[in-house]
Structures are given as C-alpha cells and as structure tokens.
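Chain nomenclature is as follows: A, B, C and D, assigned in order of appearance, with residue numbering initiated at 1 for each chain independently.
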C-alpha cells in the first residue's frame, strides 16, 4: 500500500501522530484482502467481523507532512481462530519508518462470539 | 460542556485542527440530550438516527494544547423534520473561540428514510 | 481529488462520520495547490500559515465503507486577506454527496498576525 | 484517568475503533504527568519532546458508545533514555477492556536527537 501523509495526521511535534499508524496498517490489510479477491465490506455484510486482538508498533523514524510512504504486509501465521500480519513501513526513499504486527480474530456479527476462520478466508490461506 | 484540549487534537500549526470542532459540537449535543433525560445510545437502539444535514463553523481564535474550553449550546429551531442548534465555544478565560450551527434530521435506522420528529424528542421541545 | 472511504472513517450508523469531510476538503485544497505548483509544506516552512476561518458543509447523501468518491474544488474568490473555495463531493457513480465552502486566511507563522496574500499565491490567482 | 466513549470514536462494528486507545493512553500519560506537577505543554516549550518508540495493546473486550471507563497507569521502568508505562483499561463496572504498554524517549526539539532524561523528570522518578 502506498500513501502520502495528510496535513491532519501530523501533530505539533511536526511528525505523524503515532495513533495514525493503526489506520495505515488497517488500510494495508484491507488492500491486501482486496488483492486476494476478498471485499472486507462484503465479509461484514456476510456477518463476519475481524476485530483486533493485539497490535504492536515499533517506531524508528518519523514521517512528516507530504512524505510518501509504503506499507508492506506479510501474512505471518493463521490458526483456526486468528490471523497474524507483520508490517514494514518505509518512506519512499527507502528509510525504514516502523515495523508492526497485529492479531485479528473472527467474530460472528450477531452473537459477537469467536468463530473459526470462515471458508472464504481459508481458501486464500491455503494458497499462501 | 467543558473539555480540555488533548495532545492529538493539535496540528503542526500548534492549534486545534479545525475538524476537531465537529467532535466538540457532537459531544455538546449528546450531553445536552443527556441533560434532557434522553440517551442518544438508547435513541439509536430504538431505530432513530440523527445524521447531520448541515454544519457551519466560524473560527475566531485558535485553541491550544491543554486549553480548557466550554461549548454552550442553544436549541435554535425545531421543525417536523429537523433540529437546529447554535453553539458558542469559549476558552476558560472568556475568549471567544468559535461559533457554529448544525441541522440534524431524523432518519429511520432500517429504511434509512427521513421520519418526523419522534415523540420522545417532541416532548422535550415542547418544554423549551 | 479521488479517494476511497477507509474503514476507520465510518461511524456506527455505517456512514462516513461528518467530521471526516473536513479532512477530505483539506486534502483537495492541498492537492489543488500542488497542481498549481505550490507545496503547502514549503509555504509553511516559509512562515506562511493558512488557517481556516469558516467552513460550511451540506450533506445530501452518505458515503459508505469502500465507496470511491471525488472532490471537485473551485477557487471562488480571493481578496487581499482570504481565499474562498467551493467544493462538490460526488460518489464515483455520479451521486451527489455533499457541497461545501471554506474561507482561509493568511497568517504569519511567527507573529501569528493576519498578513496579505503572499506573492507566490497572488501569481497563481492572477492566472485564474 | 476517567472518560466516556464519544460517538465519533465508535466504528461500524459498534465498538470503539482500536486506534482510539492510543489516544486514551496518551491522555492518561499526560494526566499522570500533570498529577506529578509536570505540564507536558511546558516541557515542549522547554524544548523537550517525548515521542513514542513502542506501543503494544491487547484488546480483551470492546468498549461501546457512552461506556464509562478508567485508564490505570503504572510507571514500569525508567532508564537514562526511555520511560516505560503499563496501562490497564477497565469499564466502569470492572470489566477488563485492555492492557497496554508504551516506551517513550527523550528528544531535543531543535536537534531532534535523543537526549538523556531531563532533570525535571528525574526528580519525579526518584520519588517513585
């Protein structure tokens, strides 16, 4: 995923506020799903939610307004109940900005209980 | 509604980002409803949504990190289909920060069609 | 400016939260300046700030998650002390989502006083 | 730190968006500093920045609109170059919502280089 820093994402230190990275990771995950042929909007309409269980971000260098950057995402592990992604954020010129990891779980939209990995996602993971 | 400026609400000009004011107004509206005995969460559960139709904000002076401020809200007009509020934002020391107005409409959560002012809100407006 | 609705921009009504539109307009303005050969980051480094004085948004139809949309921007008026833009937001399929207008003023970054339109911007406005 | 969930913090799953927790933690840290007699705004004016180096959040249960919650903060470790905090977020009724940890570093506002723990903060840490 490629993006550019927007004005409102920068705090009074003149750097992208650390909370914004959670949005960058989310956007990269949804883009990755789209690239695999899965619409996250359609998943939710089918009653499957993927809330976050864990997030961890290590900040190496700051991003500034108008910086272009890339988020690389790797599917690290899948189990019956969770997906783990690992992320690297790089500025366009190759400077390493941050690394991160997330664990998502599968939840039924109605019962709000944990469910096993839905078939539509299993099919993707088997190809990886 | 009284509040204090949080760090993340400030942009790289060192002032509260203008979009944050929309959140302040929303918080003041919901607080006002609570003060009238109406829970906005309960309204939504009853299938009544109050989306924004219009917003207008005039910024006079900036707010900075750790500033304390007040949002005063006046119910300006109610019709069968809309509520208009007018807001004044002041810094704790009396400096006028901004004025604003909003128009909210009533929408049925299922059909997503405009509906008339629900009885529970009419009862409040009659007392004003 | 073209963009897609991100997950975090949507509220529990299932529509883009109204405050997010202020970010869309900001992004469109900065893109417009870039298209005219002006970097907003460079303007700020030169000590020129363009804070918002007024914003007004009229919401016609909601945007939903994964919707693609366009923000059209027109330079409406320039005076010695302010620039007015008018915006139209459309969903990709042509549905009109919102219209908006903003007034920005010129401020010296050090004194924080209003200044006249800087030469670099005047040059652009004369061509319009 | 006590707070209530605002409407705009909730996503279309009907739960507080995970990125918002980074703001809650920040607010709790700044409140803790205030309680120790340190104004974070004053620190910044003195040229001392405390950017985040690491954040890690584990989400146990979701927060919903209008939920009241508490953020408990413990100073976990201080070294010459970093402060580690540990956080517990609880709903008002005692349900455990999340745990988190952060590492902040000291940076000189002008050189943007890492600096040793400033004297004003050392004085606090010695009392702990």
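The rule is simple: a contact is a pair of C-beta atoms (placed from the backbone, for glycine too) under 8 Å apart; a residue touches a chain by one contact, two chains touch by 3 or more.
On a predicted model such as this, the values are computed, not experimentally measured, just so you know.
Colleague: For the chain pairs A-D and A-C, which is connected through the larger number of C-beta pairs in contact?
Modeller: The greater number of contacts lies at A-D.
Colleague: If I average the CA coordinates per chain, which chain comes out farthest from subunit D?
Modeller: C
Colleague: Counting only Cα atoms for the centres, state how far subunit A is from subunit C in Å.
Modeller: Averaging C-alpha atoms per chain gives centres 27 Å apart.
Colleague: I'd like the Å distance between the centres of subunit C and subunit D, where a centre is the mean of that chain's Cα atoms.
Modeller: Centre-to-centre distance between subunit C and subunit D: 32 Å.
Colleague: Using mean CA coordinates as chain centres, what's the subunit A-subunit D distance in Å?
Modeller: 22
Colleague: If you look at subunit D, which of its residues touch at least two other chains?
Modeller: Correct list: 7-8, 12, 19, 23, 26, 44, 65.
Colleague: What graph shape do the protein chains here make by touch: line, ring, star, complete or other?
Modeller: complete
Colleague: Quick check on the complex: what are the subunit A residues that touch subunit B?
Modeller: 7-8, 10-12, 14, 17, 19, 65
Colleague: Where on subunit A does subunit D make contact in their complex?
Modeller: 12-13, 15, 18-20, 22-23, 26, 44, 49, 51-59, 62, 109
Colleague: Looking at the complex, which residues from subunit B come into contact with subunit D?
Modeller: 6-8, 23, 26-27, 30, 39-41, 44, 64-66
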